[in-house]
Amino acid sequence: MPTSMTEAFRELAMANRIVANEGVLDAFGHVSMRHPDNPKRYFLSRSRAPELVEPSDLIEYDLDSRPVRDAGATQYSERVIHGEIYKARPDVMSVCHHHAPAFMPLIATGADYLPVFHLGAVGGIRPPYWDQHDEFGDTNMLLIKPEEGASLARALGAHNLVLMRRHGVTAVGTSVRDCVFRCIFSARNAEFQARAMAIGTIASLSRGEAELSGKISTSTTGLTRSWEYWSVRLGRAGLMIPEARVVRPGQRAAAKASARGAHKAPLRKMARRR
Amino acid sequence: MPTSMTEAFRELAMANRIVANEGVLDAFGHVSMRHPDNPKRYFLSRSRAPELVEPSDLIEYDLDSRPVRDAGATQYSERVIHGEIYKARPDVMSVCHHHAPAFMPLIATGADYLPVFHLGAVGGIRPPYWDQHDEFGDTNMLLIKPEEGASLARALGAHNLVLMRRHGVTAVGTSVRDCVFRCIFSARNAEFQARAMAIGTIASLSRGEAELSGKISTSTTGLTRSWEYWSVRLGRAGLMIPEARVVRPGQRAAAKASARGAHKAPLRKMARRR
Amino acid sequence: MPTSMTEAFRELAMANRIVANEGVLDAFGHVSMRHPDNPKRYFLSRSRAPELVEPSDLIEYDLDSRPVRDAGATQYSERVIHGEIYKARPDVMSVCHHHAPAFMPLIATGADYLPVFHLGAVGGIRPPYWDQHDEFGDTNMLLIKPEEGASLARALGAHNLVLMRRHGVTAVGTSVRDCVFRCIFSARNAEFQARAMAIGTIASLSRGEAELSGKISTSTTGLTRSWEYWSVRLGRAGLMIPEARVVRPGQRAAAKASARGAHKAPLRKMARRR
Amino acid sequence: MPTSMTEAFRELAMANRIVANEGVLDAFGHVSMRHPDNPKRYFLSRSRAPELVEPSDLIEYDLDSRPVRDAGATQYSERVIHGEIYKARPDVMSVCHHHAPAFMPLIATGADYLPVFHLGAVGGIRPPYWDQHDEFGDTNMLLIKPEEGASLARALGAHNLVLMRRHGVTAVGTSVRDCVFRCIFSARNAEFQARAMAIGTIASLSRGEAELSGKISTSTTGLTRSWEYWSVRLGRAGLMIPEARVVRPGQRAAAKASARGAHKAPLRKMARRR
């Protein structure tokens, strides 16, 4: 886990690239993280394909999804998804919105997501669906207004995944890595499920199995092992972000190497967690 | 957007490669652009797999799909698709004909294309089908005669996509990038749709949603973001075309760097648009 | 087209690699060619994954599939497929046997192959099926005995493709490139067909359309264009075979650069065709 | 076949990478081998994505899946799968546990595995299913307790493959290469079978055909040919493990180059087999 803001920014940029490199994101979609020291702030890239995100692309937002200072760049139009979920769910430290091909057969038919193997339990059993049309009628399907984000956050409720009809998916996590793990393995499960539905009747994990298995991503060594794996694959694809040079307390890296406008103060929570 | 013919030729060659690199084209298929300064002309590569197209492969055609000067190379047999659409549709600045694998389940069964997520709206709702056999009986399925191209253009009408039974797809755009975006995201949608149809009943965007969403490719930052993404992926695949050296007005690059027989006069429309 | 045996051997090795690199062959399967100057001989690699075949791996066989001289290497067990077809079909100059994943849904269910787009016409309409069990009962499914190869050749008849139940496919061509084109585009068609069958009722090309379209691979520029494309892709995958150095008549390359035991005499037919 | 422990360790690390590189394993799953000289011991990597396993990651276990000496690293939680199978099946020299995407449609619906082509015979006809819930009720689906491993081994019985409901697959082999071959070609077969089931009724090899074909992986040249192929592909993916330097008897490589705690004594069985 990151122990400085520099590392945290690199991890968030890596997360965007990893989720893209594993086939969940393409030109669209984004992963954000809550400010580790200030729960009323979050970081999200400027408008850019997630596979290309650099630490220096990150913008700091308040929970109303307004940049804390001049963003100096084009912003994602759907950032209210992130801000409104961070408002509604204090336990959430990372959010990812995507249109993973693996999920589309479910999204397009309204089929319930069901964990068909233990790793799919990170998506829960029958996570809720949300339909923008129900509350907002005909739109361009983008969540741009705060009330659209808030409506999605209400649908998400206490779940970790919300499926968006005719659109995509939003997933949350207790950390960036937890969120990445959930995105990738729920997409794998969705793919297995759709292919299985084409040939027979699927069996879901029992509720008990899903609850026990769902903790895998945070309580076992799987998270470490998979992050190493995805990082090496990122490197093989020529997408690795070099580690920032080691910085000692009081010698923080220059602003360029961190996000635009990130606090320069030493980490509190993150340092404590170390 | 390109501001010189040199840049425009590079953009068109890149477009051919990008649409191939993203899995829409293979050994066959082609992207053309209307001459930005002369609506009665268009540019299309000599007969070559689109992934390999160089700016120097481009040939200038009149709207009857005759090369303006000696082509000096083998030409695509289906170029009337391009010429006849440019004739019929003054608003169209770019045309792509392809046999994307993603579309084939629809093409082979005659199923209507329906946007199952917002980005699929670039293909419209139920774009028309065209069947060469209806008007021309048994053929080798290639559109070689002007009347075959004209028949297809009539079927296309005011739509942006026309599906060709037992053959493929033709898409149009208001710019090269708009056309590329339409090809790639309509193919993604077709894939999602076919996989969804294998497991249930699909829901389409409403007409209102499709109209509002369909403008995404031209009116938001999505076009810029996706072009950057696809270009970087092209580079990673070793397929990037290096930028031509900067040329000042009056110092146009040598003919080699531009298309065969392209006008050497300064750009009018394109320059004005800058 | 090759104009020397050195070039012909390189083309055959390239053909094996191309068909593998395009996803038709894997660790198994093989492409052969008839000796251009001696219709009673053919060339086939020693037992090796096709993606790795070198010109120096080629062995010269008589039509009873016996090596003309000491093979000096492990041989494919199924070479009678090639020999028996060359015996039965004087027009055939190249044979490929494969287990393409794209064909497997048809092979496993016994569904007829139907051309669902013009390029699929290279496989014909409803090419014959052959079942080794019909004539030979329980076997290990490999065609090892001459009579097994002869039985397959009878089933092939005058067709260009024969489907083998619970096994794979054998395709033929009037040249190595024609055979490669048939393998790749019939596999594409089979994939489109299977995916289409999962969502609806497929439409086939009419018999007239199939006949006219089926000539595409030999009578248009498509063959040249696709060979260049597949070769470049081979190069990008790091699998290209360097061109042998130019040899003038009377200065034939050393035996190493050609197949084991190939005739050193100047080409007759091939030279004439130039 | 390896003739020294150094080579055997390299082969096992390669096996993990090959099975991953061919799409059977991802961040999870593992291949083990029984100690060639001591049937009461086996080797398995420390907890790490299989694509990244180095010879130096291997840990020596007794059949109760306890490390023979201080492991000095995080261990796989499911190692009892390996230990309990080695206990129950003296003929088994290698075990692989995986969640191959290709198998998931079967695993999720409970459909029987059937060989739909000769190479699929390595999985047998209708290998047994095991359901952890039957004996152990709600669990996190991981096999952690010895009795869970023993239960799986009982279900496996004399078969070479056991399917695990809502989880994955475990396969065994008479050598590391035999196990790798079984994993890869049974996964190919499962993929073909699932895609075939979506469009029709599948035909299985007869019992006689399956028995005769099932020996292909050990009795023909196929094993050598496919191992060379997969190794070269590993190299192309940048994942090759360099051959250890040649060591003469009495000059064994340093401990670093071999597994942690491997016996330094000269090989007995392996040497004899040479």
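Order of writing sets the chain letters: A, B, C and D. Residues in each chain are counted from 1.
Here is the rule we use: contacts are C-beta pairs under 8 Å (C-beta built on N, C-alpha and C of every residue); 3 or more make two chains touch, one makes a residue touch a chain.
Here the structure is a predicted model, which means the values were calculated and not measured.
Common neighbours of chain C and chain D under the contact rule above are absent. Although chain A and chain D carry the same sequence, what matters here is overlap: shared residue numbers make up under half of all numbers found at their interface.
Between the CA-based centres of chain A and chain D the separation comes to 34 Å, rounded to the whole angstrom.
Separating the centre of chain A from that of chain C, both taken as means of CA atoms, is a distance of 48 Å.
Residue positions 198 of chain C are each in touch with at least two other chains.
Taken together, the chains touch in the following pairs: A-B, A-D, B-C, C-D.
Contacts from chain D toward chain A in the complex involve residues 26-28, 47-49, 51-52, 74, 77, 99, 101, 104-105, 107-111, 133, 137-142, 165-168, 194, 197-198, 237-238. Residues of chain D touching chain C in their complex: 115-119, 121, 188, 191-193, 195-196, 198-206, 208-209, 212-213, 215-216, 220-222, 224-226, 228-230, 232-233, 236.
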